[in-house]
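One structure is given here, and the rest of the page talks about it.
Chain lettering (A, B, C, D and E) follows the sequence in which the chains are written, and residue indices restart at 1 in each chain.
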Amino acid sequence: MADLTLLTPELTLVGTGLVVLLIGLFLNTNAKKILGYLASLGVLASLVLVIMSLGREGMLFNDTLSFDALSQFFKIIFLSVALLVSIASIKYTEGNSHTEEFYSLMIFATAGMMFVASANDLMVLFVAFELASLATYALAGFEKKNPISLEASMKYFMIGSLSAALMLFGISFIYGATGTTSIPGVAANIDLLLGSPMGLLSVVLMIAGLGFKIALVPFHMWAPDTYQGSPSVVSSLLAAGSKKMGFVAAFKVFMIALIALQAEWTTAFAVLAVITMTLGNVVALSQTSVKRMLAYSSVAQAGYITMAFVVMSKTALAGAILYALSHGFMKAGAFIATGAVVYMVLSEKKDSETPDDIDNFRGLGRRMPVTALCMTIFLFALAGIPLTAGYMSKFVLFASTIEAGMVWLAVIAILNSAISLFYYARVVKYMYFLPSDGEKISEPKPYTFAMIIAAIFVLAIGFWSEPFLYWAMEAAKVLI
Amino acid sequence: MAIPILSLIVLIPLLFAVLTLLTKTKEQARVFALFSSVVVLALSMFTYFNFDSTTSQMQFQEFAQWVPSLGINYQLGIDGISMPLVLLNAIVIPLLILFTWNDDKKQPNRFYALILATQGAVIGVFLALDFFLFYVFWELTLVPLFFMVSIWGGPGKHKASIKFFIYTHVGSLVMLLGIFGLYFAAWKQTGTPNMGIEHLLSQFQFIASGVSRDLIFVALLFGFLVKIPAFPFHSWLPDAYVEAPTAGSVLFVLLKIGGYGLFRVILPILPFTPSMNLMIAIMAALGAVSILYGAFLALAQKDLKRMVAYSSVSHMGYVTLGAAGVVSLSVSGAMFQQFSHGLIMSIMFMACGVINNATGTRIINELGGLARKMPKLAVIMMLAFMASLGLPWLTGFIAEFLVLTFTYINQPTYVIIAILAIIITAAYHLWAMQRTMFGVYNEKFGALKDISASQTFSMAVIAILILYFGLNPSPVLDMMITNSEKLVSLMAVVGV
Amino acid sequence: MIPLFYYLALSAIIFSIGLFGFMTQRSGIRMLMCVELMLNAANINLVAFSSYNADLTGQVFALYSISLAAAEAAIGFAILMSIYRVRDMIDLDKINVLRW
Amino acid sequence: MEIPEILFNPWIRGILGLCLMGAIFMGAMLAVWFERKLSADIQQRHGPNRVGPHGIFQLVADAIKLFTKEDIIPANADKLLFVFAPIVLMGSVFLMLVAIPFGAVIINGNTYPIAATDMDISILYIEAVSAVSVIGIFMIAYSSNNKYSLLGAFRNFARMIGYEVPLGICIVSVAIMAGSLNIVDIAQAQSPLWFIIMQPLGFIVFFIALMADMGRLPFDQNESEEELIAGWITEYTGMRFGLGFFAEYIHLILGSMLVVLLFLGGWNLPAMLTSNMLLGIILPTAFFLGKVAIVILAIIMIRWAVPRFRIDQVVDLSWKRLLPLSLLNLGWVILLALLGV
Amino acid sequence: MSGIIDVSNIIYSYIPVAIILVVALLMPPVTMLLVKQLSPRSKSPVKYETYEAGSVPTGSARIQFNVEYYLYAIAFVLFDIEVLFLYPWATIFREPSITTIATIEMLIFIFVVLFGYLYLIKKEALKWQK
């Protein structure tokens, strides 16, 4: 009998989701605030359980789920993001009669991501991937009366389902050639795939399918629309959580299952990485919507992480994994901060069409000091200013590129990160150095709380990187 | 070491920068800033008096593990190269704060916080003995200066700040590439990661591939040359210096990290670069051209501050040239030029600021006869001008003399080019001096008030220091010579 | 026995039709239908491979993917319905408040 | 005793299937006549009594009439769909028939069903192809371009999806008890004890759901003659109408067979009665058909005894009553199975 | 019934299906062909009008669905697929080696489905008139 206790974090989380949904059915709208606390508590409990299980390894359910350093690391990312989002959403969902749906969908999405992290079988991977995706489609369109939110959700859904179809088609070929869907099994039988034209086909399909989720450049067009249109807390979950899920899936598919076909896919990833980071950064320069800017920045960041597929050294993977963690905190925090601003703008002007416009950030340093400070930290971290999480992970990732002798790639990445500083700094300038006519306002506490937690972690990873780096290295060992 | 004194010197300004940010009024902010800078001054003086200038070893070392798996440590230390520069910063910053004591700046808390942050970051660069830490502080200098220019700057502040940012950021990123290269080469060599500057520099010679040694060297050199700035990479400097507020310009002047990098990083690895002679020639040429080119441009300027900025380019050429002299005294001359230049230019920019505030213009042709209305300013400014053009008994003379004389041993051609520039330098200094301070008073300015007491005090202290170190350079020059001898001895190993 | 190639050809054709439709159609419902076609093409593949590999995994996978497709369709319809309620149409070309 | 090898040839079995199809045709005709007569009796009138004894050839006359009526395709109709729709409907109904056994011969412990084919998953197959008929009905309604038709089709659609789920769950309960999805195995499994006794609740739910599935009154919201003219089939005339009408009756017969097969013991008789080869074929089959006839009778009587539901009542009944009940039945069956029954 | 499937058997059992399918597909066209030969023909525009119980037809017949239908459709699609999972389970349920674990797993599954059902009821998604 397998050790089912390994599954407790997931079970706790799913249980919380069900309980939240159930309780929510019997509460009236005013009392639904408690659901937010309940959900946050459940996510926290699950997070604690994962942290407690660090170092334990095992397989479950006929080896379809594997619990190792990699999966635990990514679960920590997902749960941390979920925790931040669920705390911040306490304010966002206040007075909304659909609170229980929001929280349960969010929790199910997180559970899906966690199962992706643990998947050791393409079938489980796909199902969990879809679980997370489906929940996030609905979350993106959570504001049912808001055409922009619906549009975001629609685009996300269309592209997401296309990517699922591509992925499934690719998996079907992998299965057909190797006769198994188990990830190590595929790796063991890879000779069968190598000798057939299906090999290349499946690689292409998998890159496209996962590329949509990760928002690599030719497949990225949904991301800005979706991140801009969705509620900020949801964008935060999408950019910080869902995208990392794409990465962990890609790690599993390419680094473990299809490693023997690397000749086919490294070049593709190299090209994609370069295009992605360049386009993301360049387009982000001209955005006036902060959420859209963050979306493009997150496209660019995906490009950085993708470099790990090109370099494929242990350091690079550790860097990418650490980057995933840092980016989780930075992006989640930045979106939550934007969410706080949007919340503020909407509470002042009900019918504002563009509540996340950069003009609304004018003088934020005076109007919402905590939000502005945290946002500054996140933005600087995203830009890779030293002593933040973003710098540390960029450092490891870029350094590994040079270690592998791919100076050109490092040069491009570094130049890109130089460009990126501009659009981040612009927001900071608006917040601190441009005057505003608004008064100082009391900041929404749950948002602030979530932001502060994220900021603390962003700084902690930057200052005290050793343990995080160690975990990332451990996780990378699973892959290589 | 009981008290981590170097850490305190670095961290106090940074900490106070945050505290200052939180203050509400101008009074609080300036008191906080002054307090912090005075403490730093006291600590630096303490360090200085306990400093052993007869050895080139690192002193007051501090060490703590940071990210062991990457070989990154928290490592600080001070030697003859960094001591004068730390001292320069510690002395000028409190004076700068005094100088701006009565200014009506918007958002004073941020203003003073940025000054302190710059101070902490710059001193951090000087003291860091770990490349990671070094780079962290190096990048950190960028942020406050960027904001300084883009908030309190002149009409062209946005363009200037962005230009400054792009240039130096690209420069430092290229430098980062070099650091990475060095780091991994050394990692492969020794089998353990280590980011220590001394460690990496000592490993440089063991890198097998000559091409990658060259590449690493060029990448590092590029980063420093941009920051100095040397001739083809200098164009950010005039814009940034001119558009910055007075305090910002002074901070730029104190930003001696580029030149520092030459001595700390470039010279120790220079002998082991395969194309060493070419590199030396490049550095010397760039230095000489900077001197000449800066001087020519300064001559052509109508704006007083812009003229001073170009003269700064010209002066920094001596640093590059001196470093390329690879003789112990030329190198010390270059180091001393950094120190001296910091003092002289601080006064010059303060004076420009005062004049601009008083008259509302900096166009040389519109000014004139200021000495009559502002005698105190005129006296101090004249001293600075004289020092700047290299009058004997003042600091500028010693530096330029050492550089030119001793570089001549190895690089006669370039020195001759540089000497040509001396005449031009003298010409534009005297010309500007005469037009602004003497000549016919422009009546449209009406009755001008002379500089205030705090301004007089701070400018006067710096002027006295210029005089003092001009007469008696040994307090700083000795330790510089000790260190440059060590640097040059490395070259002797290879047989230069 | 029908050669495997026929199944693969069939699924490739269906997949291509779906992909083509997805690219060219602008009605939300039709795009959704095209995605379903693509998913089903993959299912054909899975089942065909499953029987040729003499292994049941593919069929089980197909079963899962069918149910996922259903869930996806459900969510898609829900979103389309909401859009219809707000904007009275589901033509994706005209839903373009967001753009760069 | 050996069975000739030739009987296992799939082509031969296909022909057997065609024969069964013919039989069902006849049955459907009979059923129409039966219904007319019975309804007339219930309403105390004569019903068809001119053509043949007791009007038994009335349907032949009707068929001749339908054949000679003009074929009208409305100008507004979608011509292609209009022509193809009945094919889909008929196809669905006929394909159901393939998997339904009329009886079985047991020789040497092996069961040989009297059916066109013997598949492992016949019950699943039947459910699947019967669902296609919804599409046929919807095509008919949509192609006619008539509001009444479309309304009827919508209602049909809402009703069908409502009853498909409880129907499926009841079938699952039966499958658990029989341990197979093969309808022959299921029928055989009821050898001593009919499933109606083990799961009466399941039977009730299944019966109601099946009636709804077949569109029999009180569930003929797709037709609702009084409100929607003839509902989905309003625009169909002559033989085109005849095909749709006929499909409904075939559906009725097949549905009744399903009830018998799944709950009422199928063709099973005590073994001694079927020891003789000939008897072993004829008796069970006759027994089976007799039970089917009774079920049909019941369904027809219900039609004339109960008024039609409103559409909201229909969906409420399925989603809020039958679905939980069917789940309850499933739980009951699981319990029984765990107890080893 | 579990285990590896013998494909050839499956194909044999579907040959009759194919035969009947062909017949079923052919029957309506053949019938209509017959009708064409037998039936009279007289054109008149009124005959080809849409029939709306005698009154003059108005407007397009392609009316929009009432939105309730979609809700039911969504619910149906989900529940029907859930039932799909019950079938394979039902067939192996009787195999003694896995009965307990299969029951537990399926009960969890049904519990989750029930949960969704409860949710639908509570949200009044299954109410015809809202």
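One rule holds in what follows: contacts are C-beta pairs under 8 Å (C-beta built on N, C-alpha and C of every residue); 3 or more make two chains touch, one makes a residue touch a chain.
Worth saying up front: this structure is predicted, and the values here are computed from it rather than measured.
Visitor: Among the remaining chains, which ones contact both subunit A and subunit C?
Guide: Common contact partners of subunit A and subunit C, which must touch each of the two, are E.
Visitor: Computing the C-alpha centre of each chain, which chain sits at the greatest distance from subunit A?
Guide: Looking at centroid distances, D is the chain farthest away.
Visitor: Which two chains are joined by the greatest number of C-beta pairs in contact?
Guide: Pair with the most C-beta pairs in contact: D-E.
Visitor: If we define chain centres by averaging CA atoms, which chain lands farthest from subunit B? Would you check?
Guide: The chain lying farthest from subunit B is D.
Visitor: Whose C-alpha centre lies nearest the centre of all protein C-alpha atoms?
Guide: A
Visitor: For subunit D versus subunit E, what separation do you get between their C-alpha means, in angstrom?
Guide: 14
Visitor: I'd like to verify one number: the distance from the centre of subunit B to the centre of subunit C, where each centre is the average of its C-alpha atoms, in whole angstrom.
Guide: 65
Visitor: Could you state the distance in Å from the CA-based centre of subunit A to that of subunit E?
Guide: Result: the chain centres lie 39 Å from each other.
Visitor: Compute the distance, rounded to whole Å, between the mean C-alpha positions of subunit B and subunit D.
Guide: 95
Visitor: Residues of subunit E touching 2+ other chains?
Guide: Each of 73, 80 in subunit E touches at least two other chains.
Visitor: By residue number and range, which residues of subunit C touch two or more other chains?
Guide: 55, 71, 78, 85 - these are the residues of subunit C that touch more than one other chain.
Visitor: Using the contact rule from the top, write out all pairs of chains that touch.
Guide: A-B, A-C, A-E, C-E, D-E
Visitor: Considering only the defined contacts, which subunit A positions touch subunit C in the complex?
Guide: 123, 126-127, 130, 134, 137-138, 141, 144-148, 150-155, 157-158, 161-162, 164-166, 168-169, 171-173, 175-176, 179-181, 224-225, 228-229, 283, 287, 292
Visitor: Please name which positions on subunit A make contact with subunit B in the complex.
Guide: Per the stated touch rule, the residues are 380, 385-387, 391-392, 395-396, 398-399, 402-403, 407, 410-411, 414-415, 417-418, 421-422, 425, 429, 432-433, 465-466, 469-470, 473.
Visitor: Please name which positions on subunit C make contact with subunit A in the complex.
Guide: Answer in residue numbers: 11, 15, 18, 22, 28, 31-32, 35, 38-39, 41-43, 45-46, 48-50, 52-53, 55, 57-58, 60-61, 64-65, 68, 71-72, 75-76, 78-80, 82-83, 85-87, 92, 95-100.
Visitor: In the complex formed with subunit E, which residues of subunit D make contact?
Guide: Against subunit E, the touching part of subunit D is residues 10-11, 13-18, 21, 66-76, 83, 86-87, 90-91, 93-95, 97-98, 116-121, 124, 142, 144-150, 154, 157-158, 161-162, 164-165, 168-169, 172, 175-176, 179-182, 229, 234-235, 238-240, 243, 311-312, 315-316, 319-320, 323-324, 327, 330-331, 334, 337-338.
Visitor: Would you pull the subunit C residues touching subunit E in the complex into a rising list?
Guide: 1-2, 51, 54-56, 63, 66-67, 70-71, 73-74, 77-78, 81, 85
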